[in-house]
Structures are given as C-alpha cells and as structure tokens.
Amino acid sequence: MSYLNVLKRLKAADEVSAAEVKAILSMDHPSEGQVYPHLRGYLLSRFLLDDSVQTDDLKKLVSSSISKSLEISEGDLDVTDLSDRCISAPSVETKLALAMLKFEEALGIKVDVMERVNCVTVADYAGVVSRYL
Amino acid sequence: MSRADIVKRQLEAISAEADVEMAAVRAALPALTKEELREHLRRFILYKFLLDPDCEEEDIRRLSQMSIEKLLAMSTRDLNTSDLGIGCGGTSSVDNKIILLFMALGRELEITMDPLRTPSLKTVPLLTEEVYTLLKEAGRVL
Amino acid sequence: MDPRVENAMMTTGMKKAIDVKLNVQPIFVALYHEHVFEGPCRFGAGDELKKEYDLALDAMIYDRTKEAWATMFDPQNVNVLEPIIIYRDETFLTTDWMLEEMGKTSKETDVYLFATASRPYDLIVEFAQRIGKPICMMQDCCGSSIVIPACRARGVECYAFTDVEDANLTFSVLRVRKALSELKVLAVVRNNSNVSISAPDSFVSLEDVTMKFGARFRFINVHELMDYSHVNNDSTQNYTTPGRHDGMNITEEEMKEAEAMADEFIAKADECHMERDMVVNTFRIYRTIQKVMNAYECNAFTAPCPDVCATRRINEEKFTFCLTHTLNNENGIPSACEYDVPALFAAMLLQNVSRCPSYQGNTITAPKIGGIRQFVPRGALLNIESVQKADVELGDLENVCLTFHAVPTRFPKGFGTEMEPYSIRSFAHSGFGATVRYDFKRDIGQTITMARFDPTGTKLLVAKGTICGGVGYGDRNCSEGVFFQVENSSDFFQKQLNFGNHIPLVYGDWMKEMIRLGEVLGLEVITA
Amino acid sequence: MSIKPIKDIKLNVRPVSVVLYHDYVFEGPCRFGEGPQLTYDFDKTVNLMMCKAFEESLTDASVFDPKKINFLPHILIERNEEFIVKDEDMEKVGEDIENVDAFYIHVGMSRTYDFMIEMAERFNKPVILGPTMAIDTITTAAIAATGRKVYPVRTVQDVARHFDVLRVKKMMNNLAVLCAARLNSNRSFPSAPDGFLSTEDVTKRMGIRFRYTDPHEILDSTVPRPVQTAYDEETTNHTTPGRIGLNPNDEDMAVIEKITDEFIAGAAEVEMDRELIMRSVKAWYVVNKFMDHLDCNAFTIPCPDVCATRRLNKEKITFCLTHSLNQEIGIPSACEYDIPALVTQAILMGFSGKAPYMGNCEFGNIPQGDDPGAFWSAMFVHEASKNEDIPFLQKQQAEKGGDYVIVTHAVPNRKFKGFDAENAPYAIRSFARSGFGATIRYDFKQDIGQVVTLMRIDPLCRKFFIAKGEVIGGIGYKDTNCSEGVVVKIRDHADFFRKQSYFGNHVPLVYGDYVEELKALAEEFDMEVVEA
C-alpha cells in the first residue's frame, strides 16, 4: 500500500470515527445497546478494520489491527511485543489504551481506570461508557 | 732476630729431636721390640707436639689439645664444642695435628697407615700396636 | 591349614601410642679429594691436600658424631638406627647407589638426621626430595643454613637444631605425630558414627581427620558389644549375631580375671561405697572391651553416653563405661567419654607429651558474679552441698574454671608412678557403674596443661592452669570436679567457643611441647 | 502414617508486578510516547492491563504444571518517577515470606530494577524476572554481583524450567534420610565405600538431612507385639529393653496381610510362599513406621554389613522389596547404604515424577560362546537367562559392539512410567535361593526403545555424572537373587566407564530424557557436570 493511499485511508477513518462520536453525543443517557454499535464502528475505524472482523474481544481487535499493518501473523505478535516493554508498554496494550482514552476524551467523559482495565469485550466497554453519559 | 724467628728456630730444634727418634727406630729394625717402639713413638709424639718429653699423658687426642693450648694459650674447653661434625671444608686443628702426625709417622717408617683407622688409634699403646703390626706385615720386624 | 583361614581375626594385638618410638636414621656424608691440588674447594697445604688426610679427617669426625648420636637423644622417644656413611669425591657426583644406600631403611625410618664432612649438600637435597620423609641436621657451620632452605623450598619437611634440647623437643613431638598416625580407635556406634548426640562439637568429618592425621577408626555396633559382654564360652548364642562364632564373648576364664581386678580395685581404695557385684559388673564390660580392642588391634577407645543410655541396656546390664575410660587412660590407651573424638585426640597428644594419664570433663569458666560462683551446676549433676562447700573454699579467687566428669585417674603424676589415694562410688544413684573418686583438693597449686582440637581439625587450643580446688569426691554420678585458675577466664571462654566443651588436662607445664606439636601437625595453635 | 514424600512437594512462587506511573506530563529520556501516552491515566491503564495479562499467564497449565508449582497471591507494587524503594512496599512484597520459595517478577513499564535487586538482597530468595527485554541483564548482573544465583529468561518455558530446578532443590532441602548404619554411618565400607566422604558436607551443600537408627533395632521391631507395656522387659525388644517399640500391632498386621495379598494378586507369576512374602512386606511396613516416627522420607540400609550378622537369614528378610515399594510412592530408597545413589534417585524422581531403578553397572564384554564366564553363570542361573537373555546380549555385542551398560540389582518397581501410572506387569521371586526375601521381577524387555537418563553424584558431592541411553533388552526376569538387569544402549561404553570411575558403581536411571534439567540443577548447586 503506497504512502498516499495510507494517508487517504487514515483521513477517511477519522471522519467515520468522528461521526460515530457525534452520533453517541446526540443521544440523551444512551443505553449500552445504543452505545454499542457506534462504539464498535469507532474502534473498527480507529483500527483500520472492516466489519468482516467478527471478534468482540477488545485485545483481539487490536492485535488483528497491528498484525495487519505489520503484515505478521498474530501468533508472532507476542514475541515482538516484548521489544519495547521495559521502557514503554507492549503495542497491544498501548494501542487499546490510546483508543479508549481518545474515545472518552471525545465524549468528554473520564472512566475509572479499574473499570476501563477490566473491560474484555466491546460490549463491556459500551456498558461502562453508557453509565458515564 | 724477631720473636717469631726465635720461636721458629726453637720449633725446628724440637722437631729435629723427633727425627732422631725415627732414625733410632729405623736403626733398631728388625730386632726392634714393641716396648722400644712404644718409647720411641711416645717421645716422637711429644717432640712433634712440642711437649715436655717426660709428659705422662698417653691419650693422643689429649696430647694434641695440650700442644695447641701450648701454642695458642687457649683453654681446652672451647675446643670441645667446635669439634662436632665439622663441615664446609674447615678442619678442627686437634684432628689436623693428629692426622699430620700419623702421616709423618707413615712416611718416616715407610708404612701405609689406613686413614679410616685413625679414630681408633686413641692412645700411644694402640698406635704402637698398629705400627708394630704394619712393620711385621712388611717383614721388617722379626 | 593356612592359619589365616582358621581365624581371619589373626591380630598383632594392641600397640600402645606411648610405646611408639620415632625411628631416626642418621646419615653421615663425607667428601674426600681424590687428587692433590689447591683452590677454593679445599683448604690446607702439604699432607693436608692428600686423599688419606681427607679420609682420616672424615673418619675422625664421623667417629665423634656417631658417639654423639648414640647418647644425645631421649631413648624413651627416639630409636636411633644404625648410622650410614656415604663417601663422595670432588666429582660431586650423585649416584643411584648412594641414594639407595641412604634410603635402604626407609621402610621403618621416620626422620633422617644428617651430618657432613665437607660439602655434600646437593646430595642431601636430592635425597630429601625423593625419599618423601622429613630430614634434619644439627646446626653445623653453614651447612644447615644451605640444606634446610633448599629443602623447604622444594616442599620437604625439614628441621635444624641449634642444640640437643631443641632436637629432643622436636623428636618428641614428631614421635607423638607418628603415634597419632598409628592411632586406631575402637568406636562404639549407635546410629551416627560421625557425631554423637551429646558431642556435636566433635569432628565434622572423621574421614577428614583420617586423611589429615592418619588416625583410623574401627566401628563396633553397641548392641553387638553389649551381647559380647555376656559371659559365654560359646559366642554363637548372641542375639544380634546369631550363629556367628567370632569368639568375642567374655569367657568364664576372663570373667575370673575381671573379678580379680575388681577385688584388687576395691582392696586398694580408701573407701568403697558400692556392692562388690556392681564393681565386678563394671569390670565385666572393661574386660570385654579389652578383648575387642585386642582383636581389632585398637589402641584408643570411645563410646557415646546418652545415645547408648537411651536404649536402657546400660540400666539393664548395670554398668557404665566410666571406669573403662579411667583404666584405659591409666594404661596409656587414650579413652574419651561421649564419643568426643577431638577430646580423644587431644588426650592422646597430652598423654604422649607428658607421659601422664589425662582427665576429660565438661570444662566451664566459673567467675564469681554477684557473690555467687556462676555456671556451676547445683542439683542433679553436682551435689548442692558439695558445691556450696567449694564456694566457701574458693572464696573470691578470680579466673576460676571447673572441669568435671567421672573418669579421673589414680596416676595423675605419670604412668608408672605411685598410685594416689582414691575411693569408689557408683555413677548411678541406684548403685551401678563404678567410678574412681579422686580428691583434687590434694593437688592445689599443681600446674596443669589442657588441649583440644576444633571440630574442623585445623586448630589446637593449648592452655595452662593451676589447681585451686576440687568437688565431688564424696558424691556419685558425673560429678568429680577439679577447680583451676587460668590467666584470664573470659579470654579462655571466648577461645573455648571455637573448640568445644570437653578440654582434657594432664598434670605439669607442657605448653612449649604442645605448641610445637600443634605446629608440627600443621594446626593453628591458639593459647590461653 | 504421615511420611511426606518429596514427590508431592510444590514450589511456592510469589508473583509480583512492579509498575511505574509518571505523575506528570513531560518528556525526556525516562519515558517515551506522545499525547495521551504521557498521561498518568495512560500509564496506569496500560500497566494494569499488563498485570491482568500476567495473572492470566500463570494459569496456563501447559507451561506451569499445578502439581509442581503453587502460585501465591499476586502482589502489585506501584511506583512513580521518584523511583523510591519504600519500606512499606518491601514489607508488602515480603508478606508470608517463610512460605515463599521464589519470586516471579512481572516488570511493568519503565525502570524498576532497583526494587528487584533490593528484594533479592533483603529476602535472599531466587528472583526470576518474567520474559521481558534483554535489557533485564541490568537486573540479573546486579543480583549476580551480590553472590546470588540469577535466572536468565527469554520465554515462559525458561521460567518453568527454572521453577523445575528450584523445586527439585527444595525437595533436597526437605529430604530427611533414615540411615540404618550398623557400623560406619558415613559410608558402609563392605558395600559402598564409594559413598559420600562426609554426609555433613552433603547437608551443607544440598540441605539434605540425615537421621540415624540401628539395623538391630529395626529387625527387633519386625517381631509383632500386639500388647506392649513400658518397663516390662519380657515383652519389649532385646535392643531396647523396657521401651515401647515400633513393632507392628494387630492393626498393623491386618494392613500388612492386606498389602501382601494385593501384592500377590497383582503379580503375573508368584514363585514364593505367602508367609515369606509377608515377612518382606512387614519389613517394609516397619521401616515406614521408623521413617514416620523419625520424620524421614528416604531410607537406606547396608546389605553386606547387616547380612554378616546372619540376622537377615534368621529373620528370613531382605530389604529389596522395602526399596522397591518405597520408590513406588516417591520415597528415595537405596541399597547397600549408597547415599549418593539415594540422592540421585531423589533428583531423578523430582524431575521425572517417576520411580527410578538402581543397580550395579556391567558392560558389554560378555565372552562369546556357551560359557559366558563366571560372573554371568553365577549371577544368572535360570534357563531363560541362560538360553535367551545372555545369547541375546552376546549377539548384540557381536553385531552392534559393546556400547551398552547392564544395570543389575533386585529392586525394580512398577512405577517406571510414573507415580500416577498403572502398575506395570511384574512377578514375585525370592532374593535368597532358599526362598526368602521377596523381590519384584520386572521384564525390562517390555520397555525396549525407552529413552532413559542415568546419573550419579561423586563422593565429594561436587559433580554430576550424566548419561542418556535407550533400553535395548533385559535379563534376569525369571531369575532369583540380585539379578534383575536392564540393558541400556549408550554412546560409548569405554568413555562411560572411564568417567564413571570417578563417581562409583551404582548409576541410578529413570525413564525419559532429563539431561538438560540435570545440568541446570548442577549449576544451581555449583556442581560440575561430567557427561558420557
């Protein structure tokens, strides 16, 4: 994929994720169910994934996104993931944490750290977010 | 004449007396008796050791010590301790005088004294016995 | 039939340490000059340059040296072998013939003593390296200061003596070292043969001390020894060795001997506070142990106390080992209570240096603090009245220590000396286990020398004291104590902490000998 | 009985996460990232996510076998960029320290080396860092410099292997050997003078403890005494008059009879009468009573020394079955008072979870032809041994050379494949030709092709002798006496023998390949490895 195409895709993704945020903000005290589809859309766009990805597991979404961009199999990820642990976090946790923090920033909310860390699936996170809106 | 020359001349005079004894022994052969030999040897040793001819002492080692004392005016006690197992080529003067005496005796009487028997010839009678036996073996005494 | 088949226990019996002699092989190395010539390798003129002169001189020196060798050494310690003389001329050649001739008695020689006429030093150094045994010389002009450094640099153990007293001192301790290397301990075992329950301050490894000092061990199972002590001409009836005919049981004949010894023991005592049969019983185990020691060719003995006591067999057999230890030590057979092998070895050293039986006991410092003589047990072990009486007798004496057990000797002043007064009381309050009771107060003012190995067998504690009291003469049990003063009891205690509880003692001042002995044994010597 | 076999020992591992959150937003060489990555929230979220992943990794039984490893509750230590080592945190991580055998550290974000180094120094326990960057050599080098062991790790498999070694080391520390010495308790000269020179030294080096008892007292205790009253010398043992002994009472005898019958029932062939088998089972049972009484979990007793008293013959007992049955339940048990062989058994059990086999080592030098020579003829008298097993070995030797070792004794067992495995097929025949001394007869030919690891420790307790081999035959299944042999193919029998000469005769073996684990343990004990 050439550099230009990458820029184009990133720009398109930003627009989608902004739209998803806007949709959620437009709702008054949305339920988990209402938040879920937009949250999922937001994450897929952040992670440059298309909706053919089945998993609802947050970490799996991230690792399939990283492996896609680095063109290496998910299995090998663990090993390379070690590379920069000591000084910064492994890429899976880094990418997931960043996506969550940016999402909350965009929604103008700040979720409790332990609640955030304990989310395993997109649904879990949707439930947490909905309580803060 | 210096004191040393005087002493030297005295020594030579006494030593000449010793030669006279040897000559007497040679002259008396082959009829020489053991007793005569003993008397000659006694006086020969006394003269060689520059001691008074009528000294009664018969122990050769003692005579050698007396001779050295006389020469060096040393007390005999110091001599004993340094006599033990002399090494490194140095000799004890007491041994030295006895050995040279026996070598001179051998030369004078043309007999071969066994060096290893030196320590056993402790007295004049024992020396006499040894010399008399050697003369006999050489057929120079009847 | 081949006698060895008849009885694999063919033995040469017991060879006591005190009877061991140090075999000294004197060698005189003489040099003579074959030819007449002068130069820096010889001195003299005229006849003095002749071969006969050298030979005569060598003979004179050798004759005097032999005379000295024959009389200068203590025959109790040293056995001087037939002197050897080696001649060498000024080719200074060392031949194998010379080396073989010098080493022809190497089988029995312990130390080579050299004397020289002229300069045969290289020959001595080569011989010393090959023979692998210590060499020594009397100081003689410059010879000794050439030979000894050369040998030491090549790993040879060697000595030079300035005088006869120094030579005799060194030979006496080399004798003890040899005797230690020939020590064979009959060790009675129940469970752990390395360390017993009551003396974990014993050697960490008996194998290690065998490698270091040569002393060996013959183990015997305590249950089998106990069965051997049952009077029986036919030893196939033993419970623990069914059917074996080792012939180790004490026979009726030997039991009569034991009874005779018991009667003599009772007769010679000032007082006897035991039943005759209990005294005889104690001699039953003593006689059995002598029999086993002879059969096992052992010349030292030790047995555990609590480990064996706990089987209750001692209580059943009605004897203890105390008197065996006393009688062994009196006969020059080092014997230690409680399987304390460092104490056994120290007793052996003390006995062989002083030629006096030793006394082993719990050694404690007894400083007077707050008006009370501290740390002295009062009650089951030492009788309260006896200790209080001793408190009074000791008054405010400082630097006081106490050694107490139940194995004192009746000949503290030396083997073969006059027997000292003693009485007989039982170890057990119920009346068994005869022990000698000796009143140490009779020897107040007597100098004593003490010693002990440390558990690693690398250090030797040597200490001096002066008897200043006694306790337990009138009591039973493990209570026969001697009070003594040391130079500084707290220093004594701190040093004792690296060594252990039992510190055997002998009468007399043997510090110099024991220190030299420690050095010769390669030990770090700590004095107090 | 409450004997604690070392095979049941688990390594207690304290998992600890040491993480760091930056209090402030700033950049510099102590952190990396941009935007939200510089926030406290980000640091905390990422670190706690990593801790969660770390906790999950502990439950992976394929890596950390729960039968071997017991993870204690995970402790989290949170720090900020002041890098302070707080006493409070040290006390927190030191909780229940007596039960902690090792720390397993998960290194969170940023630099927490100082904390881990101080943990190693304060608690003097192994500190194993989880799989992280190579940069962790900073921590391991610092800890090694304090004279402590370090455990280099690249993968979780490395971690598991270190745990395995530390667990076997813990087993040694919990090994208490009941030594029934008749004479020399250090090493029995008649049977195994190649034993340890000093058991005290073994205690110092490996933490193994030794308890001692007397074989006469054990043999006395094999006499059933239903009713015992203290101080009644008639009804107590000869060697401990008046003391209540460990003699089997009626209840014990019932158990012994049951075990005997089960033992007989399970056997493919039985060539001994029940009463004599029961005497051997009773001996095993009494030895276990002694071990229980003296808090021991291993056993050894000399053979020739005790035999020479003629009591074994009188009591119609040998201790072969005792050793076999002990080994089956994870209790190291060595013939001939061979303590190096016993410790080796304990190590092999520890790694393999299987019962070992010990015996004399013979080499591939059987004379060809009908007369295989005195040793073989005397030792193997049964027709099957003569007509099948020996010819097989001779053929083997002729065709493939002599590179094999035959390990022969009379103490095989039925758990070579694992303590939890089914009993392997066996027969029962006597040690003594006259019929006493039950031994398990095991036909090693049933395990041809099985890889085995052989090992022994030297008399100075400073070296491991390790070799790998493969079972290619068996000998003596049909025989009696000390003749049950497994034939093991090895790389080079001359090299094996030359190296073995520095170690000793009995070289215990266990099924499976544990060479690497043994080498790691040797390093842990600062011991040299000699491989054949």
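Descriptive notes on the structure:
By written order: A, B, C and D. Residues from 1 in each chain.
Heads up, the rule we're going with is that a residue touches a chain if its C-beta (ideal position, glycine included) is under 8 Å from a C-beta of that chain, and two chains touch if they have at least 3 such contacts.
Source: prediction; values computed, not measured.
In terms of C-beta pairs in contact, the better-connected of the chain pairs C-D and A-D is C-D.
Put simply, the C-alpha centre of subunit A and that of subunit B have 128 angstrom between them.
With each centre defined as the average position of its C-alpha atoms, the distance from subunit C to subunit D rounds to 45 Å.
Distance between subunit A and subunit C, defined via averaged C-alpha coordinates, is recorded as 89 Å. Averaging C-alpha coordinates per chain places the centre of subunit A 51 Å away from that of subunit D. Shared interface positions of subunit A, defined as residues touching 2 or more other chains, are absent. Chain contact topology: the protein chains form an open path, each linked only to its neighbours in the line. All chain pairs in contact, by the document's touch criterion: A-D, B-C, C-D.
Within the complex formed with subunit C, the subunit B residues making contact are 83-92, 95-96, 98-100, 102-104, 113, 115-120. On the subunit C side of its complex with subunit B, the touching residues are 28, 41-44, 46-48, 50-57, 59-65, 68, 115-119, 138, 140-143. By the touch criterion stated above, subunit C contacts subunit D in their complex at residues 189-195, 204-208, 217, 219-224, 239-244, 311-313, 315-316.
The touching residues of subunit D, when paired with subunit C in their complex, are 179, 181-186, 197-201, 210, 212-214, 216-217, 233, 238-243, 308-311, 314. Subunit D meets subunit A in the complex at residues 31-33, 35-37, 39, 41-42, 44-50, 52-53, 107, 109-111, 131-133, 135-136.
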